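In what follows, chain A forms one complex with chain B and a second complex with chain C.
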Partner chain A sequence: MISGNLVILTAFAYVVVLFGLAYFSDQRARRGRDGFLRSPLIYTLAISVYCTSWTFYGAVGSAANNGLEFLAVYIGPTLVFVGWWFGLRKLVRIGHAQRITSVADFISSRFGKSGAIAVLVTLIAVIAATPYIALQLKAITSSLRVMLASDAGSFATNIDDSTLALIIAAIMALFTILFGTRNVDANEQHHGVVAAIAFEAVVKLAALFAVGLFVVFGLGGGLAGTFERAAEAGVTFVSQSDFGGRWITITLLSAAAIVCLPRQFQITVVENADESHLRTASWAFPLYMLGMSIFTVPIAIMGKALITSGADPDMFVLTLPLSANQQILSLFAFIGGFSSATSMIIVSSIALSIMVSNHIVVPVALRSQGFNANARPEGVTRLLLTSRRVAIVTILFLGFAYFWLTNGSGALAIIGLISFTGVAQFLPAILAALFWRDATRQGALAGLLVGFAVWLYCLFLPAFAPGNPALSDWVANGLFGLAWLKPQALFGISGIDPLIHAVMWSLMGNSVALIGVSIATENDPVGRLQATRFVDVFRLGSSNQASYVRSSATLNDLFRVASRVLGYQRATQLFDQYEADRRDRQTIEPSPRFIAELESEMAGSIGAASAHVILSQVVSGDIDAIEEVIRMADETQQILEYSQRLENTTTELQSTAQQLRTANVQLRQLDQQKDEFLSQVSHEVRTPMTAIRSFSEILLAHKELPPAQRQQFVTTIHSESMRLTALLDEILDLSALERGESLWINANTDIGATLQRAIDVCTPIAQERGCRIVVDAIPHGQIVFGNADRLSQVFINLITNAIKYNDNADPFIRIETSEAEGQIAIDFEDNGPGVAPADRDIIFEKFSRGRSGGGTTEAGSGLGLAISREIIGRLDGKLELVSTEGSGACFRVTLPLRAEQQAAQ
Partner chain B sequence: MIAFFLPWIGLLLFMPPFVKLFDNQLRIFGVPAIGVFLFGVWGGLIAISFAVQSRLDRDDKRKAEENAG
Partner chain C sequence: MVDILIVEDEPSILSSLEFILKHAGWTIESLTDGESALRRLEGALPRALVLDVMLPRRNGFEVLKEIRHNSRTAALPVLVLTAKGQQQDRRTAMELGASAFITKPYSNAEVVDAVRALLGHGSSPDASDASPGLN
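Let's turn to the complex of A and B:
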């Protein structure tokens, strides 16, 4: 039997330990030894403030009623964290770059530092948090009730639930004020609170694990045993949740909540010390949630099996150990649940109070003349702290009021989902802030307003209906009795789960309004600047562009403002540093960069919108200046794009020019070749023509020439004409070959017979010159595909060349054939003077003769080798000058043999 | 690359057409298949995410060493 006073005492002791821990951590951090506090582990544990008493108690209740549906609440955040690369990374980067203090600050800062949006977001956040805080109060109240039920002597047994909840709310308010509002941090980072939250995360996990292990192995007899008991007790988890609309909706809602909930934003983005911590959190936070929910189903099963049916399933975590008389364990479980509730209340109310003070109280104070006249240096700091304290008390009181008005009805999970749907209204605005450059302030404002209104009407207000006849009637019959305005069946769409209904209409209305109005309106200069800074945060880097170009403000004015916001010490420090930096410059006016720095420093304390308003009062003409900057930036952007396009075009042009240049070079070469050819042809034609002309002139002039001489001249004219004709024939032949015209018909040809015929033709010439033709072996039956006349033309040309240019005393020609790899090679070797090294490359060119073949009067046309090479080339063969060892030249003809011929062999 | 696809794979596996496959009477070691499936996919996502983080950390360290050297 636990004494009631012991329970209450333990809870108090726990709170004191927490406070000590927070205080100690703050001291450590202040002395700069915050290495451990800034570790990714602490960061992850702090994020698990997501797991509140909804998780601790409510998940079991949800599992008992709706099966596995409770898991969707953790699957959404798991997907968001596993996909940190897409959204969270950008969010955190922007948070650091823009010194964001809250989710309201984030959205308003993106949309032109708009005060109206900040106020609206703050309002939605506060109202949406109310059910959530009520949920925690209900959980603590119920758990206290359960723990105290056995002790009739305790004072708490004699008071009703509402009073108990009020007492708890009051204590929580006091505690949070002590925790979170002792000072105003430059970055709104609360190391002490984070440490305490991390500690609480460990406590609640350990407590739930202890209960889970006890239930599964102490009561159920292992996992399999537990599930067998489930069947006995008539509890089945299969097909209990539909995995349909509600499953998808809750996954979506929880994914939105992990980003949009003010307390999650506070921990994940604002308290983030290092972007790389996200990597650890990407797996560690899902792992934590998995740990928190792994025992949920067994506890729900055993609870249903062992506890009488009237009991509240939300409290199974406590009632199971109590029913087994495990008092220490149940006390531990109670502390675990207490932990999860307090951590949520603390972080939530701190985050909300920052939003309220920065976005509602400070702007209002700034507008009142009385405040501006008040020049006390600590004015703003004191105002901030006081307003935050008041805000915390108000928020907790609102939570209590919700609890009281709804008579504490509804399961924990249902209350929580109302809250989630409320904050999910930030999601379209946040996504637009991150990824859509053209989203405007008006668009965001319209989206938020529509979403908020639909949520209020469809989900928030109907929750009060059970205790209120007017509201009940309204829910049942619609506003003013109009059926199409029924909060849970808008426009006559009925039969859907109220949650899905509300989520669908609110998020749809929200997005449509955001997109529609954004398209219809245009961003003002500040809005455009901020849009670029947010959407392109990775491209721009974290450098702060100066947003004030010229200013009429004096340093004194600025100092007065800064010291009021930041406190005298911090302001002095900043200005001293600035003085030190600019000593060498001769300006009295503060530099634009310094003013921008000052604004971001102040934004860290009071939010971007307020900081902007304050500085704008001092720095006159800044709006014009900003517009100028924006116009310049726009022009720069356009010029950049234009020059990029230009660059692309230039690259294209360059490559085209390069191609043209290459083509031109080729054309020039061809042109030169043509010129050379023409001059060579003219030259070749001119020589015989000269001879013919001169001889015919002699014949015309001297009629009395002796007949013998006359006969000789006519013969010369005839032979020169013959040479000319032959030359022209060869030129025609060659040009036809080069144009690729086939002037002959190819057929299977016996290469040996063709060679023999060529040798026979040449033998008389050889004998005339006293030249021997040595033939090693004439192949027989070797077939190539070609034209016999053309082939013998080539052979005759080669042999006659060898004979003509051979000046050796004992001239001979050796003809050899060899065969390899389906090719036949015929070598024509002589012992003449050979080809001079300089001529080897040009010997196959047109009109090039082996001039070194002196001693011979016989002059060829210089086209023979060129024609031969063309012919052999067209028969897929090769004609080359292989070697000139010592004296003599060796030409080789290589031709492919017919494949069928090879196969036959 | 894996980090890019991970959330989408998770989303696919957790959403109706897929998740309903396992919503039957089948039991694995006495635990309903649907439970094993959901926790299994969950655990898998965590494991892959952990592997991605380790690799990123290693890359960072190597880069830091390269910069130092």
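Let's turn to the complex of A and C:
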């Protein structure tokens, strides 16, 4: 038998030890000797605040009733810590960068520092925490009842469960206030509390281990023995409904809870001292949970085997040692369970009270007419502390109310899952905050509202149904008797476990609303800014703070506000630092960067939304300063884009103008060429005309001229007329060639025969001038595709040119042919003056004649070479001037041979 | 001393000029390119120069320019003949200091009149009985 007073005294003593530990740790931290408090081990142990009395007592009950289902609650967080480590790291990084104070602050900060979202998240968190706190109260009450059952003399035997729960709630509220609200920390880190929670983690693990070892080795005689003893008593472990939909749902819920539960967020993100601690926690925390669950099954089956049926399986951890009359062990087990419950209550209500004070009380106070932060000497510090204390009392009272209204009904595990489903509604918003830049404030708000509403309707309220006729009817028949509105069979989908049903509908509605509304709406500027800071936190780092452009406030104004939010000491420290750092000591206006730092610092105390509001009021009187700046930036961006387009258009126009200029230059050149051509034609026509006219006049005027002289003059007139006719013919010929008109018919032509004919024609002229024509070899049977007359024309032109312009004493012209690669080449080489280097490029131009070279003047149109080149070009051949060793010129005609052409085709 | 130096590269035109100017009573000397004309003018000057523009080895305009730049030849009367016949050529010739300008094809009388005008004040020994043209 255990003395009831001993139990109660022990519990009190335990709480006093906890308080002392917290106080001692806070003192150490304040003196800067907080090294051990900032170790990854303490951090990991604090995270195990996840394991509450639900775990301590409830897991055994769950194992006894539902087989292995209790494991899902551990698997979810394990998956998150092991598999989603990077996601947690991002969460913690953002938490540090943005000085996040709570899960509500996190979500609202991401979605445009929205006050509405902060309030909604706070509301959901408080309501969702209520059953959870009720659960802890129930666990403490039940365990006290069990412990005191044998002592009729204890005070507790004369009061009912509700009163006992109320007393416990009141005591818990008092301790929480003492623990968590002695002061307002700059960044909401509670070293003392964390130390106490870590200590509690050790106590509860040790207690459970002690009971487990006793059950297995004391009662069961070893692990195998335990199962044998149970089997003898007709108890087998039934792992029913394993790995089904419910199992998956609970895994999902617990995975969400380890991130979304306000107390988990508080410990994992807000109280995190160093990001690297997560690395340790990622393996150590799952290990801790393994330790907490290892003896669950043995205790459950031994409890079923040894304890009379009808006893609460949730209390097997206590009743087993008690039944074996192990008083010290059962007292230790009681303290372990008590420790699980108190740690949860303390951290939860601290986290929730921060949210309530930061997101509901302070904003309301800031907006109310009567409150002016500058008018109150104590500032918001007092307000914060008072509101937090009131919030803690309220939250615990709500927990008690839930316990009272539900008559303590339902197993611990089921109550816990209601809470988990409630906080799981934060998950879509948190994931969107971390990874989806386009998620909007409206989307987050819509998702939270839908999820919250479905959860309330399908899971939270039905919990009150037993013992409430109106609610029972509603759960059975649907709201207003509408069958499709049945809370546990929405839209006629029935036959599903109520938990799966609620989780499915609430998270689906939540996500669909979040995504749908986000797509339909756009982020406002602050929302965009925050979205980038959250999603790209690893890329941006934490230095990228928003800045105020206009700072109409003086340093004095700012100091007044800051000292009231942060406390005089911290504010003085910050401003002294600023004074020491800044270069420009002339101005009294604070730099935008400093104001941003101040906002960040204040956000650590009162949340991002409130810090933003309070600073905007003093800084510029314009809350929308950032919006304004970003709107201006957007406009600038648009103007830049517009001018970019203009620039592109201008570039296009310039390019068109350039093309036009080029075309114009070409046209001018063509026009000039036309003028030159006309001028040259005029000259070429006028020259023979001059001779004809002049000699005609002479003949007319001088009848007395001797016949020989008359004959000579008439001959000149005749030849000049012929020259004139030939010139006009050639001009027309060349013009036709240049227009691409084929005035002749091509056929297979014997090149040798054609060349011979041309030589024959030229021989008399050559003889007349005393010029030899040397022919090395005339090709035989070589066929080219062309026109014999045209080819002779070219050859005759080349030969006569060579004869006409040759002023050598012993003039000759050598004609050579050669073949290579299906081409025949015919060279016309002379020993005349050659072509001056300056003329080489223009010798084939019309009327060029190579005048700069020799002094020999010869009649000719000056079109011969131009025509010849055109002809050869049209026969796919080439007419070119090639260099020679001798002094003279060498023209080469190259033509493709027909046989080769045919072979190629 | 010759009366007239003719510089013309077209053989038929040169022979016609030689004929009509000789018949007008003047003494004649002929050259067929610009370079040799300039070299010839280093010696005793003719009384007038009949100069074609389109000449090999330094055209008529270059020759005229040289003549006017050289103080010894600057006053030499020069008749410019051209087959191009564009206004631009006439202007160029006048700017360079041509004394007269005739476009080909010319009438014989036109040439003789122009040369006589150039020789104008100067005493042509046979000026009185020189009556060429179409009389």
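As a convention for this text, the second predicted complex is superposed on the first by the 599 of 905 C-alpha atoms of A that agree within 3 Å, B and C clash if a C-alpha of one lies under 4 Å from a C-alpha of the other, contacts with A are read in each partner's own complex, and residues count from 1 in each chain.
We take it that contacts are C-beta pairs under 8 Å (C-beta built on N, C-alpha and C of every residue); 3 or more make two chains touch, one makes a residue touch a chain.
Owing to the predicted nature of the structure, the values given are computational and were not obtained by experimental measurement.
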Partner chain(s) touched by A:Trp247 [first = chain B, second = chain C, both, neither]: first
First (chain B), second (chain C), both or neither touched by A:Met508: neither
Winner by number of chain A residues touched, once chain B and chain C are compared: B
Touching partner for A:Trp283 - first (chain B), second (chain C), both, neither: first
Which superposed partner A:Trp85 touches (first chain B, second chain C, both, neither): first
First (chain B), second (chain C), both or neither touched by A:Phe227: first
First, second, both or neither for A:Val297, with chain B first and chain C second: first
Chain B-facing residues of chain A, complex: 68, 71, 74-75, 78-83, 85-86, 223-225, 227-228, 237-239, 243-244, 247-248, 251, 276, 279-280, 282-283, 286-287, 290, 294, 297
List of chain C residues in touch with chain A within their complex: 9-13, 15-17, 19-20, 23, 32-33, 54, 56-57, 83-86, 103-109, 132-134
Footprint of chain A on chain B - complex, ascending: 3-4, 6-8, 10-11, 14-16, 19-20, 23-25, 27, 29-32, 34-35, 38-39, 42-43, 45-50, 52-53, 56-57, 60
Residue ranges of chain A in contact with chain C within the complex: 679, 682-683, 686-695, 697-698, 700-702, 716, 720, 851-852, 854-855, 857, 859
